[in-house]
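The first chain written gets the first letter, and so on, giving A, B, C, D, E, F and G; residue counts start at 1 in each chain.
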Amino acid sequence: MLKPLADRVIVKMLEKEETTKSGIILSSKSEEKSQIAQVLKVGNGIGEDGKKVDMCVKEGDKVVLNQYAGTTIKYEGEELIIVKYSDILAVVE
Amino acid sequence: MLKPLADRVIVKMLEKEETTKSGIILSSKSEEKSQIAQVLKVGNGIGEDGKKVDMCVKEGDKVVLNQYAGTTIKYEGEELIIVKYSDILAVVE
Amino acid sequence: MLKPLADRVIVKMLEKEETTKSGIILSSKSEEKSQIAQVLKVGNGIGEDGKKVDMCVKEGDKVVLNQYAGTTIKYEGEELIIVKYSDILAVVE
Amino acid sequence: MLKPLADRVIVKMLEKEETTKSGIILSSKSEEKSQIAQVLKVGNGIGEDGKKVDMCVKEGDKVVLNQYAGTTIKYEGEELIIVKYSDILAVVE
Amino acid sequence: MLKPLADRVIVKMLEKEETTKSGIILSSKSEEKSQIAQVLKVGNGIGEDGKKVDMCVKEGDKVVLNQYAGTTIKYEGEELIIVKYSDILAVVE
Amino acid sequence: MLKPLADRVIVKMLEKEETTKSGIILSSKSEEKSQIAQVLKVGNGIGEDGKKVDMCVKEGDKVVLNQYAGTTIKYEGEELIIVKYSDILAVVE
Amino acid sequence: MLKPLADRVIVKMLEKEETTKSGIILSSKSEEKSQIAQVLKVGNGIGEDGKKVDMCVKEGDKVVLNQYAGTTIKYEGEELIIVKYSDILAVVE
């Protein structure tokens, strides 16, 4: 598996119309790319300046990403995105 | 529901000519997009550098947004905007 | 009324040739937009980093604005500008 | 009169070939705009971050400005420039 | 050998389809440049401002780089990349 | 004379092939503008943030300037350059 | 000789295929400019903000430079480069 460094988080985009655990239908504008992703791995939160960033997300959380944020990589057949914590805008409760 | 992270706030744009609780008619230039929105959810105010931002808005407040601020998402059929607290210019009293 | 947040100030542009309280004729270059405005409301001065900005203007003050500063909104029929305190260059005494 | 805010200074450009108090002829390149101005009013020196800037110029000083610095306004028939103290490069002694 | 200065790391890009020690096939999008590299040398972590950066990678680690990060050099026949630690996004575990 | 403010230095470009006190011929690329100048006046070194910059140059020093640095002014018939101390790269010993 | 100021270093580019003291052939991509240089002089390391930068290079060191870094000058017939310490990526050991 991949371990994100510092204040980074590894996420996987969710398919549209995918049902959340709580039964909520998450759907973004049909003509736009979905911005909802699931958290796979969370970094240790120690930022570049040595300060601890409080990472308020955990594995499995569904989150809304800043559009165009992060770096997309293909790893073991899956397309993953590595984002900075600050590019996570909100958590689906 | 969505929980905004850090110093972010989730708002919903108000229709023009919508009457506020206090009976005030809020209307922006008819040829421009309304910049008045209603606060739905407020983050915990802990910014990216770990410092606490004093979030002087609360659920239900009507606020004036910085134009073009924030990220628009569609969530459960509603169009929401996630903005930084610093993109909220004023509160309707 | 609108309450400006943080280190913001709400002002209203003055018409050219408008007489100030003290009888001074304020006029800017006739071919340019007037840059003199009247202060309507002053924020609490607590900036985004939590530090207190000393807001040396008060309601009724006539001020010179940085050109193109601020966000123009129409509120209850009046065109107002919400500016950062740092975009106020000088006060008419 | 106008009172500059914070670390700002109000100056007035000097005509070329104008004689200084000390009898020195100040002249800039004839094909360029003069960059020498006279200080009319000095702000209190408290910058945007609340720190005191040591303003080493006083009313009447002749100063060299950073080219294109400041905001030009017309006030009571006179063309004035409001500059940041940091845009004053040197003082004529 | 080359010793990277400060918070820099020297890495070597891995060929696609290269097998990791743990038997994992690392492969990035076939139409894009691989972003997985192996760490050869790690700087002492003292950044430009004198603060110690906690360098959570070590010689031999396989890492995901920020695309386009770093400076490519040819040294003793090998193509190496010198990157800032902050351009390493994740470590393959 | 002109007194530079803050961390600024007033210099005068040297003609090419000019002999230094120590008898060294200073010459820059014949097809480029000389980058060697002589220090005329040094500011008090108190920067914009109130911190003291250690100005390691003195009147008469020959210095190498950052190309395109500073503001050129004509003062009493002489072409002078006002540069920030940080635009002085080296001193000729 | 030239004395670099602050956190600057004076270097001289090495010819390709030049043999290092240790017998290593340093060669960069034949179609690109060599990025390996020799250190001639090191500044005192006191940066613009008054903080001491730990300069981990010394006279005679062979170093890898950030491409396009620094200012090239011709001094006493030799082409020298004045770079910031932070533009030195690595040292040849």
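We take it that a residue touches a chain if its C-beta (ideal position, glycine included) is under 8 Å from a C-beta of that chain, and two chains touch if they have at least 3 such contacts.
From a predicted model like this one, the values you see are computed outputs, not experimental measurements.
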**Q.** Centre-to-centre distance between subunit F and subunit E (centres being mean Cα positions), rounded to whole Å
**A.** 42
Q. In angstrom, rounded to a whole number, how far apart do the mean CA points of subunit F and subunit G lie?
A. 23
Q) Connecting every touching chain pair, does the picture come out as line, ring, star, complete or other? A) ring
Q. Reading round the ring, first subunit D, next subunit F, what is the order of all the chains?
A. D, F, G, E, A, B, C
Q.
Under the stated contact criterion, what part of subunit D meets subunit F in this complex?
A. 24-29, 35, 51-54, 56-57, 64, 66-67, 85-86, 88-93
Q: Flag every residue of subunit C that touches subunit B in the complex, lowest number first.
A: 1-6, 8, 10, 44, 46, 48-50, 71, 73-76, 82
